[in-house]
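Note that subunit A is present in both complexes that follow, paired respectively with subunit B and with subunit C.
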Partner chain A sequence: MATAGTEGLIAIGAGLAVGLAGLGSGLAEKDIGAAAVGAITENPSLFGRAMIFTVLPETIVIFGLVIAIMAIFVM
Partner chain B sequence: MLLPESMSRIVIVGTKSRMEDAINAFYSEKSIHIIDHTTGDDGLSIGTTTEATSKASERLIKVRSMEKELGINKHTKTADIAVEEVQSRISAGDVEGVEDEVLKTVDARNDLTQKITELNSKKNTFELLKRLNELTLDQYSGYKSLAVLVGTTTDDASSVSIEDAEVFSSFDKKEGGVVAVFVKKENKEKAFAALADVGFTEIQVPACTEKVAANDACAKIDAEIEAANAEIEKCNQTLEELKEKYMSFLKGCDEELAIVVEKGSVPLRIAVSKYSYVIDAWVPTKKMDSVKANLERKLGDDIYVEFQETRGRKVEETEAQEPRFQNVPVKQNNGRIVCEYEYATSLVSVPKYNEIDPTFLIAIFLPLFFGFMVGDMGYAIPFIILGAYGLKKTKHKDWRAIALVLFFGGIWAFIFGLFFYGEMLGMHFVGGEWEAGTWVWHENHVAVGGTTVSWDWILGAQFPSWFTDAICSVGAWGQEDPNTFGVGVGKLEDVAFLLKLSVYIGVIHLLIGLVCALVNVTKQHGVKEAILEKGGIVFVFFGIIFLCLALTDMMFSKLELTGGTPLIELVLAIVCLVIGIVLNAKAEGGMQAIMSLPEVIGWILSYTRLAAITMSKAGMALAFNYIIFGMIMTTKATGNFQDGVEIVAFDPMGGAIMLIVGILLFCFLHLVVWTLGILSAGLHALRLQFVELMMRFYEGGGEAFAPLSEVRKKTFFSKNANNIKEV
Partner chain C sequence: MFKRSGTGNYAYMSARVKAKTSKLLKEEDYNKMLMMSVPEISHYISEAGYSKEMNDLGTRHAGIDLLEYATYMNMSKQFRSILESANGELKTMIAAYLTKWDFENLKVVLRGKNYGLTPDMIREDLVIAGSLKEDDIERIISAPSIEDALAIFKSKTGLSVSDEAIHLYKEENVLTRIEDELSIGYYKSVLDSITGKDRATNIFRTYIKYVIDLKNIETIMKFKMENVDGSLAADFFIPGGAQLTDKIFAQANAAPTIEAAFNELQSLKVFEELKTMLSQTPNISLLILTMERFRLKMAIQVSHTYPLSVLPVVVYMIMKEDEVKKIRTIAHGINSGLDRDTIKNLLVI
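So, the complex of A and B:
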């Protein structure tokens, strides 16, 4: 279990894990999203596939979240 | 149920003289999918449309143009009309009659609009000439040796000096200037040059012989415009009357003629010779016999139907056929409720003939995941109501799909909210518990200076035990600390448990996907190929699971890897991983085999979003509830103490204004959480189907089964249900 002194560091670490992972997902998703909207405008039947590509990088932020939760609840 | 319906190929041969009857018979079967004929060296050519079809398409264009003129569109509500009535009126020339009537009024209206445009331009000119009030309109024209230059200027033209000319001008700083110059024809060019200095732009004055002032002419034009507008209004009224009178007939005609044209274009897709026609078609295998019997009954000796093959799912079987017959149309084989989810599958693509249709799995897991993530009785009830209303009212497939997820997802959310989380509107039903004869609130509670609000605290009464016993708690799942917090799984308290649960759900979901992949390849190529192609990833999957179990035991349960369960798990993991990597390396190459390892971890961890979304909704609701009950609404001291802090109770009578503000804010803030719930829970539930599940096995790219059939919405058969004349 964490001592009183390290609790703050764990919290900062958890915050960084989610925040930076979110930033990464956002950067990846912005380009795909723009291209996907363009593709759907041309051909609406591409919606499903466009959505799959757009949400692919989302998993990165989930990894960050898992690490953050583990840091807070498990460490 | 999982594979698309089995299809059979037939050949239909018939005499050309009865082709029209035959096409009607095909339409009434609603299960014949024509394979387009491509001209080859078999002595057959593509058929041609009949004269009746050209006439019908001509009429269809007329009907659609009339509908446009009268403002009849697909949203216009009209009464249904009998097919026999439409047909008899069309053959009696009613379309042309109605067209005459409509066109006459439309032309009149167009003429009037044109007239008004002309009058307006005339009026604009006269408005300018009004400012030269010493001249009457007849003075601007009718000279033999004089040229009249009339126009606008940007500067004052009164100072312009032109030889042998008379200049009338008026200037206003805001509106600019107007000038009329009467000059000898031979000096016209000079006058132009002089006027250019003041920014002259010439305007044409309409010829006028009457001696009338511009002012009076303007008034006259105004009266004419008014009269024309009144006429247009009359035309519009007439058109409105015509619309009322004919809209039902026109929409009926539109539908009927479209069907006639579609039927008429069938010969363009089939092969014909001088006296006969030949059609290759796909029919669902189970309807084969009835189609054959029905066609032979209706057309007797004039038709011959021959069965060709029932297509299996093996790839070799398909590849042995000529290219035209390789593609089998796909008729998804789902029940009444599951088929509503076919739209979700089609967003990715239509399944192939020889692969599992994932619609059934989507129908199960999409609402389940949605419900798990929402997991709140309070949010579930509006979801169910909205979903049921949507399903009852809407016919648009996009909205139906959303309503469907809301309805079934809402039911799951209700079940999870009541029995699993024990929660309504972000608040647990039970916040305290009996300990040694007294009701104790847990420390993290508004009652004793915490942040969590619960229903029993708000109501000031405990729920009966039969109710609370029905709600599950983490203790029931074999955790070390039973009743960690209240009754029900705490979304923000039992995080580790929820994360584990999400991962287990993910493992099951992915396993179903991998089994489907194995089944697909087995159906397409055989068992050996299935193991070689997909077996590797299945072994890697199990290997990673065992490895994770061993690592969890070592890291969190502090067990040694050298003995007991962790050792067994580790050995199993190594065995599975080695087999998996070898199989993968053989199937897809060494690099791909190594890459698949982190990929599998990624798939599984992706399911932790189930817990993450649940937590984010609960976190928002917790904050909002604390704002409302802990900060806005009033509480009263009870005089009892727990851990040295006085216990407070909710006091609805404390202040009327704060109560109203609190309730309004409560509704608004929970509406926010609810709306975000649709977006995040809905999208993520869909993503887990599309990406995590379907990418394990689904290829898609099939051609949808499109049988010949009439779609009638506005017309109906009044005399008998069977529209095909029995022959």
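So, the complex of A and C:
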């Protein structure tokens, strides 16, 4: 059973896992999003593919979220 | 390789120009066009991205004129849209590169004024693809004298000419000196605008330096082919080239024959390309064609490297310019009754 002190640390860890993963995704999506908008401007039919490429880095946040959930509910 | 070079919206611009590049005409399109008449070519290119310009100009022009104006108008629009969408250091580099068209337009205006053409006639030959806005160009066209036109151009682009050149124009009514000084100023301003130190920007810088070399070789060859005294050539030298120094330039100009001048250029990278030209009868159009092939080859070689840099944008602009030249060459060739093989040889495919 985690004590009050360790619970706090787990919460900080979970927050960092989601926060840093989100930051990483944001950085990755910045250029992909800009390139996607550029491509769609020239050829609107690329919207679907551009969208998929733009959201690909979101998977990193899911990893972060899984770690956060594991930290809170499993540890 | 994917490192961003300097400030600017590289990812956005790169994606846009890659999409634009994919829409450019391919070799098989040119082969098809070679089998067509001028109206058929007009119809064909209408379906290949030039429809708006063809429709806009269709009421005022016809035949080869329509094709010429429509292709140039389309190119202008594409270049302007690229320039307007870019920002930061990238925009500065693109704007400096596109000053070439401002400089070409100024030449058209000066020559037009010199020969007493009407503003409407001058306007027809302009390609508004540079960084100057239409209002600025209108001001240059309506300037009362050539000095005033040059003053407006200087205030907008920073390119100026010496008092000597203006004096020479007033005395002898020749624009050559003014045009040469502007040309030297243009290449200097492009090189000055390329400030980045990364590899991609260095490739762009090297490309511009090679273009300067090619321009200098063109000067040497024109002097030799026309048998003009080589000592007069020094004023036409454009500094800042990659390999062709003022020393080699002077030596090549001092050479007694065209073959001897070629030998002086043996140390240059472009020499291999020129050698093939020397095996045929050298003439100015063949020389310019060889240079164009070399320039395009250099551009295509780097087109897929460094996506987040100025390179994809510049390569697109070079390829678009080449596309317009090819369409015009085919149309003019067919219009003048040249056979298909001769026209094909004139294309830089």
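The rule is simple: the second predicted complex is superposed on the first by the 75 of 75 C-alpha atoms of A that agree within 3 Å, B and C clash if a C-alpha of one lies under 4 Å from a C-alpha of the other, contacts with A are read in each partner's own complex, and residues count from 1 in each chain.
We take it that a residue touches a chain if its C-beta (ideal position, glycine included) is under 8 Å from a C-beta of that chain, and two chains touch if they have at least 3 such contacts.
Since the model is a prediction, treat every value here as computed from it, not as a measurement.
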If subunit A is used to align the two complexes, do subunit B and subunit C fit next to each other or clash?
fit
Applying the document's definition of touch, where does A:Ala39 land relative to subunit B and subunit C: first, second, both, or neither?
second
Partner chain in contact with A:Leu9 - subunit B first, subunit C second, else both or neither
neither
Quick check on the superposed pair: does A:Ile69 touch subunit B, subunit C, both, or neither? Answer first, second, both or neither.
first
With the two complexes superposed on chain A, say which partner A:Asp31 touches: subunit B (first), subunit C (second), both, or neither.
second
Nearest 10 degrees is fine: what angle do the Cα centroids of subunit B and subunit C make about that of subunit A?
60
Going by the contact rule set out at the top, does A:Phe47 touch subunit B (first), subunit C (second), both, or neither?
first
Counting only touches as set out at the top, which of subunit B and subunit C does A:Leu56 meet: first, second, both, neither?
first
Aligned on chain A, what is the least Cα gap between subunit B and subunit C? Give it in whole Å.
11
Which residues, counting only subunit A, touch subunit C once they are in their complex?
30-32, 34-39, 41-43, 46
Which of the residues in subunit C end up touching subunit A in this complex?
4, 9-16, 18-20, 23, 308
In their shared complex, subunit A is touched by residues of subunit B numbered 346-349, 495-496, 499, 556, 602, 605-606, 608-609, 612, 683, 686-687, 690-691, 695
In their complex, what parts of subunit A are in touch with subunit B?
47-49, 51-52, 55-56, 58-59, 62-63, 65-66, 69, 73-74
